[in-house]
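Labels run A, B, C and D following the written order; every chain starts at residue 1.
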């Protein structure tokens, strides 16, 4: 049975990653395992940047954003020679299994390592909520809070100036951050890869808000990677009665003290990861599905179709 | 088919009630219904404190705590004569069906009115999360945020003074607010009606945290109605190495701008309530179960056993 | 003696403007004056968008961002014919004196109106803190909070990725928002019009933070209108060991519930404005100087040199 | 000239103490001094709980509440024998001068040590703003924010229930926290040691708010140590039309991430303390007076009369 496990964070960081690291460490040490932190993601695994974690090393991190282990991307990890070096390092430290906290890309590495004999479990750590095998990712709740907080502020100033705020939010082709923040902030229009973006139709609707509905401001939320919001805001000024202003929220969305929701979710998922490893399971990722914490084979997870939000998009339209 | 509906808030107020009022009003007016706000709960129904709500009257309330309709308790509503007066008022205003936002007590009134011919749908608005027919109530997420925010502050000052903070949180016999805030704040001990309270055992554990684990502070969270936290804090000072300090969070827990989670939940539930009324359904309450918005007969809901949190209590113990 | 006064907000909006409107209205009505709200700044004065304000109309606005009166810029107000139309409207409503809440530009209008016989008092409402006649403007404290909150979040994520965040903040050529947020967030470098911007010198210092001081992240704050932060962030990636990322905080800085500091400052200044008008004074602006609320002739105020922050810049350098 | 200094925090902790510790450490080490942290206040000085602080040991504490050095009260420090032991420890570590961050009581110890040959400088670290020699103490701004945040929440729920919230805030006989939070939250009544407390007169005013002004809620803020707010709230229920509810904010007021205001103030004061020590000055405390950072002889500071807030109390009355 496993005696010593590693834990790492990989890809873009997300609030709640520290809560997950803490849960993995506490749950594992409480049943007698040793836990090692692998720093800077897979790169640190290859380079042997590895140190033991104790009960105390994860004190006071539950409420901290970012990740105490650091994170990085390492595309070369696809190369089997690179992975062999990583496994040499794990062997050197006696690490028999690893918990990988990150996004889809990190899962592929976890699966490849499992196939090479080191059981790995993936935890969904990303603000984008773009992982099909879980209803919610660690970090999404906090990022949503941050976005809505910004929207509440923009609404103050927009309504003082008959302005249309055009706001770009993250999501990496997943529209959830845009749609949920639109529902939460009472936005007038939400644009995601699922809704599509028909510029002239959106401008028409804005004109209607201005002329027919007599709104003194409008809030348009657009998922990243769909259009250039600066250019679109200029068109709003040109073709509607509103003065258009673009805001790109940017990396602020990745930071901040995790919400209670993210802290609890990360703790539950961290517990599950350790339990799976103790059962000799590898190559799975943890998700929450319909309220329940589950393990899903990574292969299966990577092939799941992304969730449709037609119902919530429909609700959004009924609330405007 | 229903043409005109009423909406009221009843019992203790909860953040997100306004979001629910807004959703009911917007969804209903968008399909051609007329919506009337009934002020100060069932009391206002009896007294005829009733005014029409429009699209515009619910603008800018999505992010506001409290309830624009006011709330009150009216124990006399159990009396059929009182309810008859209420129905007279509804008839006078032409209100054919009502959405009632509140707790268990409010549901009973909604059921009684339905039995008398006015279809009512209940929405779970309470910070206590003490309604068995829904996994989460409107207001719980916000109250949890408020409590955890206070815990984060108490931890700062406790750890500066080798202090044990003993904090009483709300919940009305439901331990969720205590347990979830304990998980989220890294508390040392959580006491709910489900865990029970063995005073000398708790003092023993505190001594262990002090002497064996060398902790420089401790956080104990206790559900309301279990013990007098002032007296218990004094015992902590007397019988352990910590200086005990009691904090009763009180009504602050009921206020605040709702979290995005509460805003979305309230919006989804408000939509469901209108849809049920349009289908001619009454005497049901709306809940979220395993991620899905459902309608449950109130009679059934009131008889459901309360949820056990053994699994999360167990997780809590594994994380300390 | 004056019986009826007007109040308007002009220029960019700032948190605390509502608190000032409330103070003007309450203080004035409590001594028997009538108060009229002039909507959308000087434009509304010209167009006669004017309505009476009562004690009640300013309830519940103390904690709201933005301005309930709306704001706008009206460059044509420099034209005496336009101002004559404005005075006709004031006459029509019987408004004998006006409180103007806004920035430098708004003061000029207030002075011009005073010269034409309508006593006006200016209040400094702008987040930029760029008014020489006051140590602090209404809105600066809140904007500073918003900026520092964003910095705290960026630091989380920057330190997880060996990243250099390059952040553009507002200030309209006044460096206070940059400098105070730099001091408050422990930034590595602050660039204002007073410090100047020597690109290669800044890149040198960043290399030193990376190589010599072994910092795992760096935060550079730049006042708006100094350089293109996107381009500069790319140079950071190219010429230092950090990965540079630009963030433009944008209009979020103008919104949000005002801090207690802004609420109190706005209330004190609103009181002073009414007192000055009651003494028959016009053409002055209110400021806080060395802790004291004072009236300063606008002409004098507009010619004051801007404050130097050499001492705080020096403190910043001693803290890095 | 001094080569090695100590720094300690004493008395009740306050947000911003860490910012002051950081400033003392950074400013001192940047000019070549060595800095030692003395843990748990004067007690740690006596017990020799002393460790070196470096540039790095104060990284990442600027935004943290509490004090990394811990704090304690040690009444026995009045005893010269106890102080002699303390000085022995300082000698042992080669500490020639000390910065003491705390309240009035801490200043006495600092003065006594100075008289015995170890130059000490006091910094005003307390949320109570009860130190006459400074216009503002480190921690006051943050505590005020916390209180106003709670008031904003209480107002939500009070106005939903025709309730009168009676809130006890800290201040240790100084009414500033009550008065400033009253101004900031639009409270109906503020009671401090300066206003005095005439119970029946306050009940009269509440009745007037209810019956004459038709207010649907009322907020009464009372400084600690004036009356029992639980008992008073019951009288409100008994003798007015409002339902009275007491809230004792408690130790939550001492915690939390410091506001930018407190971070900057603490940094400026920490700088001044080091500068004074380098000039060979001892027995002084640092204050901010009319915007300027000054050193004041402790003896003089302890004899200053407390500030009157008649003007702000008057403003409060004009705003209700």
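Rule of thumb we're sticking to: a residue touches a chain if its C-beta (ideal position, glycine included) is under 8 Å from a C-beta of that chain, and two chains touch if they have at least 3 such contacts.
In this text, all values refer to a predicted model and were calculated from it rather than measured experimentally.
For chain D, the chain whose average C-alpha position is most distant is A.
As a whole-number value, the distance joining the C-alpha centres of chain B and chain D reads 35 Å. Chain A and chain D have Cα centroids lying 40 Å from one another. Multi-chain contact residues of chain C (touching two or more other chains): 152.
Which chains touch which is summed up as A-B, A-C, B-D, C-D. Looking at the complex, you find that chain D touches chain B at residues 9, 13, 15, 64-67, 70-72, 146, 150, 152-162, 165, 216, 245-252, 254-256. Chain contact summary for the complex, chain C toward chain D: residues 22-23, 26-27, 30, 59, 62-63, 135, 141, 144-145, 148, 152, 180-181, 183-186, 257, 259-261, 263-264, 267-268, 271, 290-292, 312, 315, 318-320.
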